[in-house]
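In the two complexes below, subunit A is the common chain; its partner is subunit B in one and subunit C in the other.
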Partner chain A sequence: MPTYRKWYYPYSSPFDPCPPLTRVPYETPVQLYLGFQPPGMKQFSPLQALSHGTLWPGLYTPYTDPYNPKKKEA
Partner chain B sequence: MAKENKLPESYYTDLQALQAVDFTLVELTLYLDTHPDDLEALKQFNSAAKKSAELRAAFEARYGPLREFGHSYSSYPWQWSKAPWPWQV
Partner chain C sequence: MWYYEKKLQYPVRVSACNPRIAKYLMEQYGGADGELAAALRYLNQRYTIPDRVMGLLNDIGTEEFAHLEMIATMVYKLTKDATPDQLKEAGLGPHYVNHGKSLYFENAAGESFTVAHIQSKGDPIADLYEDIAAEEKARSTYQWIINVSDDPMLNDALGFLREREVVHSQRFREAVDLIKEEQGKKKVF
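Right after this comes the complex of A and B.
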């Protein structure tokens, strides 16, 4: 399962008033790059599609909590 | 309805099968909105719509109406106001 998360490392200056931001996550799901969906993509079975929330595995981009990834999303 | 007023277990499996087919219909509708000339998806949509109608008819024959205002038949006496209500399912 490729992860669609990328990280941004903001610059932290010694004169910052607040504690520095270490790294900031941002999501780049597949539909950003996909553009126009090609016909004839592989499909889930109806029951799988219901639980995954999409009919096409290619477009399945689950969101996991970036701050404590070990905890399983409810 | 069963004497002891409780839903049979098969209610949920039938309902889930119906929901799965309906979800693929939603996805295919959205897909066909942007891909009107995709014959493959259109065939799948029509077969899924037919399957959904069959599943719905079978479900309503066994457990009672699913939708109101004339979208579902009701047996005698009037079934719509009887339990289970949507939040009890």
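Right after this comes the complex of A and C.
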């Protein structure tokens, strides 16, 4: 299973004006890895599908605010 | 032709009176990577794309209008009861002076929508790669709006819209696979 969020670590100078973030997140959602969708993938119930925005759990990659992890997942 | 269903694709609920978020949401209303740009781009490109994927552009282009309507609803809910002073505070003073409380196709910085934002190249690969990029850009716009919004109900609907961008990107990627396929070769999944 791939991970859908990665980080990079930019150089920070001791003379930078703001405290460094140290690690910077970026999203790598499922469509980068799935390839042509194979037939027969597991499905959500119709009601769940409507609220998730996709019929397939395998295509569901929700987002969370990486700077504010306590915020509810969107 | 189209049939109209008098309901939103996903319920839009807004919990906090925060017109500033309306200003941010306008990026998805009349911005270069917004829903209007997406709808117009796909519904225009569809005529000159191989017929195997024409229906996909038609379907996704149509859905983008449903997304545009959701964004419009959010912006309207967040601005309809705001006083001119509150709008001014939210950075929407110039918008109010020019457009009153009405919606307008402009981005978060107040720049009017222009069709020069979108391309139709007539080259199927060029067009589909633009479409994939458009979906990824819209996905990131939703992420950045979620990051600056504290409204859990609004973020729930934005999360839905972001997930649709993921699915659209997936489908455009599959469209590329379909049209680059070598004739008569066995399909391997």
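The criterion applied here is as follows: the second predicted complex is superposed on the first by the 60 of 74 C-alpha atoms of A that agree within 3 Å, B and C clash if a C-alpha of one lies under 4 Å from a C-alpha of the other, contacts with A are read in each partner's own complex, and residues count from 1 in each chain.
In this section, contacts are C-beta pairs under 8 Å (C-beta built on N, C-alpha and C of every residue); 3 or more make two chains touch, one makes a residue touch a chain.
This is a predicted model, so every value here is computed, not measured.
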Quiz prompt | Comparing the two partners subunit B and subunit C, which touches a greater set of residues in subunit A | solution = C
Quiz item: Of the partners subunit B and subunit C, which touch A:Leu50 in the superposed model: first, second, both, neither?
Solution: both
Quiz item: Which partner does A:Pro29 reach: the first (subunit B), the second (subunit C), both, or neither?
Solution: second
Practice problem: Please indicate which partner A:Tyr67 is in contact with in the superposed arrangement: first for subunit B, second for subunit C, both, or neither. | Solution: second
Quiz prompt | Partner chain in contact with A:Gly40 - subunit B first, subunit C second, else both or neither | solution = first
Exercise. Please indicate which partner A:Ser13 is in contact with in the superposed arrangement: first for subunit B, second for subunit C, both, or neither.
Key: neither
Quiz prompt | Intersection of the subunit A residues that touch subunit B with those that touch subunit C | solution = 36-37, 39, 50, 54
Practice problem: Would you mind writing out the residues of subunit C in touch with subunit A in their complex? | Solution: 10, 139-140, 142-143, 146-147, 150, 152, 155-156, 158-164, 166-167, 169-170, 173-174, 177, 189
Quiz prompt | subunit C partner contacts - residues on subunit A that touch it in the complex | solution = 27, 29-31, 34-39, 50-54, 59-63, 65-68, 71-74
Quiz item: Any idea which subunit B residues touch subunit A in the complex?
Solution: 16-17, 19-21, 23-24, 27-28, 31, 34-35, 38, 40-41
Quiz item: How about subunit A: which of its residues touch subunit B in the complex?
Solution: 36-37, 39-40, 46-47, 49-50, 54-56
